[in-house]
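Heads up, the next two complexes both have chain A, just with different partners, chain B and then chain C.
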Partner chain A sequence: MDIVVCVKTNPDPQMVRIRNREPVLEAVPYKLGDLDKNALEAAIQVRDAVGGKVVAVTVAETNRKIKETVKEALAMGADEAVIVDDPAAMTLDQAAVATVIAAAVKKLPACDLLLFGEGSSDNYTGQVPSRVAEKLGVPQVGYARKVEAAEGAVRCERSMDEMIETLELPLPAAVTVVSEINEPRIPSLMHIMKAGSKPTQVWTLADIGVDAAALAPKQEVVSNLAEEQDRKHVLFEGAAAEQAAAFVDALVKEGVVGR
Partner chain B sequence: MEKVECIVVGGGLAGLSAAYGLAGAGAEVMVLERGDYSGAKNVTGGRLYVSPIRGFYPELWEEAPFERPVARELITMMGDGAHTTFELASDRLAHPPQSYTVVRARLDQWLAEKVGEKGGMVVPGMKVDELLRKEGRIVGIRAGADEIGADVVVVAEGVLRLLAEPAGLAARPVDRDHALGYKEVIELPAGVIEDRWNLNPGEGAAQLFLGSVTQGMLGGGFLYTNKESISLGVVVGMQAMKADGREIKSHELLDRWKELPQIKPLVAGGTVAEYSAHAIPEGGIAKVPRLYGDGYVLAGDAAGLSLNALVTVRGMDFAIASGYYAAQAILRARQAGDFSAAGLASYEVALRDSFVLKDLETARIYPQFMELPRLFTHYPTAVSRLFEDVFTIGPGPTPSLMKKAWKGIRRDFLNLGTLQDAWLARKL
Partner chain C sequence: MADLLVYSEKTQTACELAAKGREFAQALGLGVSAAALGEGAAAAAPELGAAGADRVFVSEDPALAGWPADAVAAALAQIAAEAGATVVLLGSTRRGKELAGRLAEKLGAGAVTDVNALELEGGEFVAARYAFGGATIAREKVASDVRVFAIMPKTFSNEGASPGAGTVITPALQLATGMKVVERRAKEGGAVSLDAAPRIVGVGRGFGKKEDLALGEELAAALEAVVGCTKSLADFQWLGEDRIIGLSGAKTSPDLYVGVGISGQVQHTVGVASAKLIAAINKDKEAPIFQMADYGIVGDLYEVVPAVIERLKAV
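For the complex of A and B:
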């Protein structure tokens, strides 16, 4: 099965600090999105089960260290990588990213299954997978907690709030996965070393036949502020048992426990 | 076994400096860094002396992401309730800058990128578990289940020698030769920093503190101004800390110090952004192990290359220099096809001819001097007491200035103990 996994380079969320309610991205390392790793792991497992190839596809963005993350994907076990890297496509909104990815996928010789993380580690809009599926005219399911190859199809378990839904999609199809699907492997040194020699193609917009004008943003990020949280600053005093009781009372009153 | 020419264990300044030199000359080099990125595990007080290393990789230092060139040097002696600060503001320190404040997360990541640009491979998040030995020779490394061979391994793993010691390349670190540093990075706007330390825009200050900051134990406090933060910390000798049998935990020293009325205004309004702690080699030249052998060289903190000379504290310049000389020696060995100890011997020769081992030799007596009991108790207090006398106007008649000064000097500086100290200090 030829599987395409779409991945994104994200600032390491654990290293992002907030100053004046804005994220400080200076000196923050970039890495593969957490859910992207789940998608890759799922793809590798399907490939290892039924054979085929895993291609990681990504779009370069301003200041994001794309080559390293692609290498991370190759080290995990992707067979090839495709980077769309074009100065005219450095800051794209979700619609534009989907246009670029769909065009890149079309240029690939084969694609039976498209896998994505449910959302990115930074903005988590979760829009791109559905948009790509729409542009390619393939069926899509989200919240997959299990992905298996079936005869000419892919079988998925969807993690719904209070039930699990099992669906079979005819190929080609697109699936987005949640973190419970697997534990992504940590590449060994040997795999990291070999990743360097795996084929990586870098395509421009012209290569995939996309006109930069078609990528003009339809939305504009006006601000990106952290939520302001007012701490309640309640201090419980007295004996430990009294403190604990008062603490629990307060939690109940706040509706945090004992609903 | 898979094999590369050179493996560098540790992606700090020593390892990256070696890798940069090796990769730049076309050698195949792989840097293995335990942290999630270069600089993640490293802690510095905050200052890199660039004058000694400007000649190595000159193209690098012009664009390096330093914080501020240090234009003001301050030494504060802290007695009980009174501090005396000496301050040097010199144009000659800043133009051209002889030292810069640095933030390792930024500096090391940048240098790792530079290594990558030269064709070196930097693998972060990769813990090396063992140096592989075969017939007395280091032949590679083991990381997890993977064993990778190498012509030569640059052991730049840092102060703890978790790999070098079991492989028999260096002695197990002991408390007497090490100090423990605690540091907070406290964010402050650039303008506030410049106002607080009387700095021109972009310029920086370095302030060292001796005395009550360590409650009389070997060590001191430091403060370096970064672009939009200050690095504030305490270093305390491990043996002093243990021997003292004190109630206070070493990390509490920093908390208590910050609360002192003399320190509080310096950090007022700041937000603590980072907290870190690290061991520091302070054994001096006497504790530098053999620096090379069959199939390996030691560099940076792993080789014990750091120097606390009381008013100047160095380590990163030694790390970069040792990495540079390691690369040069390895390239010579590569040319000759001989990675045995004999082939790599030019490394130690070069270090002996350079400032690294020369400065450590000059400072041979420092570790011994630092153990003088009065250094961190009596003198900082006595200096402040002397100036207090000089500046005090009491209710009755005031003695003449010289009389006041002499009284203080006789009382605190001219007795058997202090003269013994002075006798030892003549060698500094």
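For the complex of A and C:
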């Protein structure tokens, strides 16, 4: 089975600091998305169960941390990697990323199953998997917490509201995964060393037949600032019984208890 | 004729979108269409009309059963074409968010998901959503001819909505899906819905072991609240995934949120930031949760929570 996992390099959101309401990205480490690792782990498990190959596909962005990301994916167990790296494809909106990914997947010799994390660690829009599925004309299931592939089909389990759903898609198909699906493996030193020798192809937009004009942004970020929270900030200190009394009295005055 | 089109598989959310959509539509000189799709969808039509829809497109086509993203997107694209929709408002539930990208791609549209505020500024929509894991709020404009916004449930209210004509239209749709529903079963152990809970007690790593969460449950019972948790407690399997609040779980807007033993990492707090009142109990005075709290108790939760429960019983 030919499995493609789409991965993204993200600034570690835990490390983003705020100064004067502006996010400070200097010195923030970049890493493979957390959910991308879950998708990779799921892909590796499917491959190990039914045979085949795992190809990690990514788009190089302005942060230029792409080599480390790809190396991490290969060290985890992907067999090959494809990087689309082009000066015209470094700051893209979700529609444009999907255009690039879909074109790269089409250039691959085969793709039976496309796996994604349900969202990226930084912006979490969840748009790219659905857009890629539409562009490739394949069915999709989001939020899988179990993925099993057999000849010609993939079966997924997901938790939606009050229901657990078991769904089946004919291949080729696109599936996004949630974090509870698995515990992504941590590559051993040996696997990290071996990763360097695995095949990595670097393609330009011309290689995948995408015209830069097709990547014109459909949306624009007007501002991106930390929220100003207007809260009361009343702190109760002292003995537990006194704190509890003052606290509950405050909730009563607010009208949220005792009605 | 051009319309604003609203859709959510959750009727209440769709009604909220119809009510606010009607305000936007009037400002822009548009009509309001709503779509009701899937098994039993026709029953929602009167509510959607009352909430503000002039036209309600209803389809119970079998391909829409279980709301597969491919078929729902195809249905909405065809309805959008028939209604001449230039703006589509979806509910940013899990299903709605999955749908948004697929529909936007079909419409050649830009889209914003997880929108928690949508405004018209000089005739243009500006949508706000969390970015960088919740550390910031990105305000975005969409430049395509058709715009798609997936909006968090409860962002708008349909209380006191001005009704529309609610004319039911049964469109002829060409639909197919690749998704087969093998099984749908109810979750065991009383699944909770945090999205709509009016009061929430959030529990975090301040609790030393799984058994101690009984204290959190007891506080919740005294407050008539539902218990939610941080992602790490679900990772420990102390509580189910449906209890997670934050980036990887529910985005809530309760009247009261009480965070107990929660430090206040932004990945969790984005899920409660729009609570009307935020309270926190934590032993660390410097914990970030206090920066976003209206009322806070600095203390050991094992002493404070029983005292609070005791006091609540006396109210």
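Keep in mind that, in the parts below, the second predicted complex is superposed on the first by the 237 of 259 C-alpha atoms of A that agree within 3 Å, B and C clash if a C-alpha of one lies under 4 Å from a C-alpha of the other, contacts with A are read in each partner's own complex, and residues count from 1 in each chain.
To be clear about the criterion, a residue touches a chain if its C-beta (ideal position, glycine included) is under 8 Å from a C-beta of that chain, and two chains touch if they have at least 3 such contacts.
In this text, all values refer to a predicted model and were calculated from it rather than measured experimentally.
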Using the overlay on chain A, decide if chain B and chain C clash or can fit next to each other. fit
Partner with the higher number of touched chain A residues, chain C or chain B: C
With both complexes superposed on chain A, which partner does A:S188 reach: first (chain B), second (chain C), both or neither? first
When the two structures are overlaid on chain A, which partner does A:T9 contact: first (chain B), second (chain C), both, or neither? neither
Kindly classify A:T125 by the partners it touches after superposition: chain B alone (first), chain C alone (second), both, or neither? second
Considering only the touch criterion stated at the top, classify A:G196 as touching first (chain B), second (chain C), both, or neither. first
Students often get this wrong, so check: with C-alpha centres, what angle lies at chain A between chain B and chain C, to the nearest 10 degrees? 110
Does chain B (first) or chain C (second) touch A:T58, or do both, or does neither? neither
Return first, second, both or neither, reflecting whether A:Q45 touches chain B, chain C, both chains, or no partner chain. neither
Taking the superposed arrangement, what is the smallest distance in Å from a C-alpha atom of chain B to one of chain C? 12
Chain A positions touched by chain B in one structure and by chain C in the second: none
Quick check: in the complex, which residue numbers of chain C touch chain A? 66, 68-70, 73, 93-95, 97-102, 104-106, 109-114, 126, 129-144, 177-187, 191, 193, 199, 223, 231, 234-235, 241-242, 247-248, 255-256, 265-267, 273, 276-279, 285, 290-300, 303-304, 306-308, 310-312, 315
If you look only at chain B, which of its residues touch chain A in the complex? 2, 4, 30, 32, 36-37, 40, 103, 105-106, 109, 121, 123-126, 143-146, 148, 187, 271, 273
In the complex formed with chain B, which residues of chain A make contact? 12, 17, 19, 26-27, 29, 186, 188-190, 192-193, 196
Note which residues of chain A are touching chain C in the complex, please. 11, 13-14, 16, 18, 23, 93-95, 98, 121-131, 133-135, 138-143, 145, 155, 159-170, 173, 176, 178-180, 217-227, 229, 231-237, 240-241, 243-245, 247-248, 250-252, 254, 256-258
